[in-house]
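A, B, C and D are the chain letters, set down in written order, and residue numbers restart from 1 in every chain.
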Amino acid sequence: MKLSEDSIIFLIQCPDQRGLVASISNFFFQRSFNILSCKQYSDLLTGKYFMRIELSLKDLRSSRKQLEEEFTDFGKPLELSWSVRYTDESQRMAILVSKTSHCLYDLLLRWKEDEIPCDIPLIISNHPKLESVADQFKIPFHCLPVSAETKPEQEAEIRKLLKAHHIDLVVLARYMQVLSPDFVQEYDGRIINIHHAFLPAFQGANPYQRAYERGVKMIGATAHYATEDLDEGPIIEQDVQRVVHEETPDELKQIGRDVERIVLSRAVQAHLERRIIISGRRTIIFKR
Amino acid sequence: MKLSEDSIIFLIQCPDQRGLVASISNFFFQRSFNILSCKQYSDLLTGKYFMRIELSLKDLRSSRKQLEEEFTDFGKPLELSWSVRYTDESQRMAILVSKTSHCLYDLLLRWKEDEIPCDIPLIISNHPKLESVADQFKIPFHCLPVSAETKPEQEAEIRKLLKAHHIDLVVLARYMQVLSPDFVQEYDGRIINIHHAFLPAFQGANPYQRAYERGVKMIGATAHYATEDLDEGPIIEQDVQRVVHEETPDELKQIGRDVERIVLSRAVQAHLERRIIISGRRTIIFKR
Amino acid sequence: MKLSEDSIIFLIQCPDQRGLVASISNFFFQRSFNILSCKQYSDLLTGKYFMRIELSLKDLRSSRKQLEEEFTDFGKPLELSWSVRYTDESQRMAILVSKTSHCLYDLLLRWKEDEIPCDIPLIISNHPKLESVADQFKIPFHCLPVSAETKPEQEAEIRKLLKAHHIDLVVLARYMQVLSPDFVQEYDGRIINIHHAFLPAFQGANPYQRAYERGVKMIGATAHYATEDLDEGPIIEQDVQRVVHEETPDELKQIGRDVERIVLSRAVQAHLERRIIISGRRTIIFKR
Amino acid sequence: MKLSEDSIIFLIQCPDQRGLVASISNFFFQRSFNILSCKQYSDLLTGKYFMRIELSLKDLRSSRKQLEEEFTDFGKPLELSWSVRYTDESQRMAILVSKTSHCLYDLLLRWKEDEIPCDIPLIISNHPKLESVADQFKIPFHCLPVSAETKPEQEAEIRKLLKAHHIDLVVLARYMQVLSPDFVQEYDGRIINIHHAFLPAFQGANPYQRAYERGVKMIGATAHYATEDLDEGPIIEQDVQRVVHEETPDELKQIGRDVERIVLSRAVQAHLERRIIISGRRTIIFKR
């Protein structure tokens, strides 16, 4: 539910146990909170419990720090892992691109339409080509070309920029460079990548060419969190489009662009709206 | 979640108000219930609140009657409307058909595969054609041919049969007869019909022919609760299939059959799994 | 098939008759043409025959005028209706908009990516809001505000602009004004409109609100040729997206935007690639 | 186009060359044939040309043998590979199954509804479980249980049965045994298998379990021609269904059943309607 009013969103996971809904909802009821939305999921296979609870921010009677301390104390005996977000505090997203513009444009257009709730303080690229797109939307553009030798220092430069701008979420919008394990670990669960195939099919390079050669009847795209193993991170969103034998690899690419941009934007939106909990290689995605 | 263990399912609706989750979950926690699943929805436009809560039946410490009386008392100040179902009590479904078999077969096959949790004590038709299908699945078949004159008495006969067999749900699986307002009212919210078009497009007769003439690029089907106004009842499920100019009305019919049977079966399944709350002309469908 | 080489495209319709493929393909074979693609469709219900034939332009041994005269003579006994296009002659498209930008952006981005083969000499709006979008893509923007009194003269102004710029195709990209019958007739088969619903469902105003109230489980969009009767013209393309009870009318609008822009762009592309033949209220759409 | 009248269907492939449409259509025009449908595809990447041409059988003025001899002579200089089918000659299909019934039922129901144009003289299984299904449709059922030792002799038995019944097409409707290379070669291009995943993802065993563990957001099924390498044969049809984190592996299986049966039936239908040409690892599928 897209709310005009500001809210507090808790994402919680813990071992499943009797009375969780009652005790968590009581915690907030005793503090006079109105629950705007409460979604949960008990994974019967692993015995884990997941909850997303959204509260009206205007009901907050204490400081944010105090609320969090009280919830920490409350959560200890239940072994809760949790995070909280206040929607009046802006989130900061950086977009990394190379030469293709369709995913970048899609993110920027949705951001302008207020579909994606964040600030975008910078766009980083290893290539100058998309500077004009950044200019159109008045977002600073940093060009950091990468060669085999300069790769480590340029990545260090990127990380410095992300830190300087207090970036919460890094989106790889068809950024064609592999990131170092260090980088990925530092932003664990905060880097979203788009792969132009229906994973786990066609991992790696040239998926459309390989899809053509294999003669598949649908092509797809996958948005996932980046992990050290390329294309192996937890999947956030996927979609496909039907194709026919007449379509050449170039036409598959064009058809695929529409799938890629929608899949990436949906994933970014779900992340920024705090609707995702990562659980091992799987993601729990709560509907809005 | 399809559970092997038996459960108690409450469907609840009421005016939205502070503390609902806490107080309802507390009610069950105090009675030592484990909550298997709890889904809710606050309709911010109408101020209504909806909940589906599923409890482990083996946790029940009192009689069913006592639980219901206590919940009645508990619910009064909150203005709860609710119903309850115990999954160890079987539900009884009647299927009404005419001459086309695809929806009937689909229901019976899923029923045999235990995808549809119910008993099917009888199939009723206004035509003898599908008797052999009923025989295949060893279900009693009642043929009640309808003419303009015999319609009222045959409908009375149908209602007598439904009553005699304690039918909970009536499924119109391409039963081509309009039911009387009395009949529909008696089984309010318990008759599911399949319309072979994407409602509200092509209400009424011959939808595939009209879809062909209008040149639509997708055809669909709609499962809905029957109400007095034909094809105007609350929609449960819809789906579509892409078509092209080459397809004749007869081919649209064939393609449509696949959509119809899946849409109807999904709707029946959602109803029997107690995942639907009707709210005016809309339905709240909780995911399994 | 997206070809790098230039081609000649004939769109043909006529009464179905023995030997059509042989005689038409012979006509071109005798003139040493290589047939790049030849698609046909015999409508057995109406006895009509439709063909799209694409030839290599570099095989043309005569003047274009002479080819067309010879084909006219050839076609008379077969009662052919036909049109021809040479892909080295640019097509000129005007876009009419009001205040919403998503369809406009989608067209402009695809145009920049060379997915839409045309020139766009102007964008016309009844509102100044989208001027900055036109500026981003360096396309002249004409703002012609419309009131009840000024409507006829402003429409005359639009038609003057279209004529001055030799416009071949007018795209109504969420242009919220009804056009006069005269205008529509002048550009018969050359005005494409996007309606934000799955026609024939929810014709007219506020389709998303009405879709919400009716409780449909999918929302759609329809691109069609404009005719005098609003929303009754031949359908070119449709698509839908699944929705759930939780989505508010505003969220349906947001979801619908993605469907609208893809549906409109596909329709414009099919038109400009000369893959559409209009036949009464239906369209024959040849695959690329 | 599903025709009530009988027809002759040629499937043709050859090197692409100038004048193919003209010369092939002339061949049939000179013999007074009415062309009911003519579909073609030029693969610009490989320089290959494919055609499906359907003629009215009642126009045949010579013997079938003579037509075929004349076409052989005609085709030699053009290097045509081709096959022909007369729709008044029945095709004979065998279905191989193990224990799951959903694909078998779907094929049999469509066969009864005349959607699948063939005779089904036998069903073979390595397990007695589905005998009652075969009985329902009055089709002889052969149970040939397979163990590690008996596998070769039982496969020999199967091949004897297929030969004795002059089988044209073998459908593996969830037959859980790998066939020997000899068997596959003998029925090259005439064995259709259904794999319960979106190939090339999740080749091999337990695809639903692995899809669950990988956390994919859609599950699929693939119908393909059997080749020596398991799950590597030319793909005929694929489809997917969206799933969410709440669905257990068992529920994925249930959802997948609907995808499998539709995908397999579409593939069988396309094969029997002679709408498929195999080209290496790819298939050309002409629309009806």
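We take it that a contact is a pair of C-beta atoms (placed from the backbone, for glycine too) under 8 Å apart; a residue touches a chain by one contact, two chains touch by 3 or more.
For clarity, every value in this text was computed on a predicted model and none was experimentally measured.
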Shared chain contacts [subunit C and subunit D, defined touch]: A, B
A-D against B-D, pair bridged by the larger set of C-beta contacts: A-D
Far-end chain from subunit B, centres as C-alpha averages: C
Intercentroid distance (Cα basis), subunit D paired with subunit A, Å: 42
Where subunit B and subunit D are represented by their mean Cα positions, the distance between them in whole Å: 37
For subunit B, residues contacting two or more additional chains: 1, 44, 244, 246, 248
Subunit D contact footprint on subunit B (complex, rising order): 1-2, 101-102, 105, 109, 113, 115, 136, 244, 246-248, 250-251, 254, 257-258, 262, 287-288
Subunit D-touching residues of subunit C, taken from the complex the two chains share: 1, 3, 18-23, 25-26, 28-29, 32, 34-40, 42, 44
Complex contacts: residues of subunit C adjacent to subunit B: 41, 44-45, 198-202, 213-218, 220, 234-240, 244-246, 248-249, 281-285
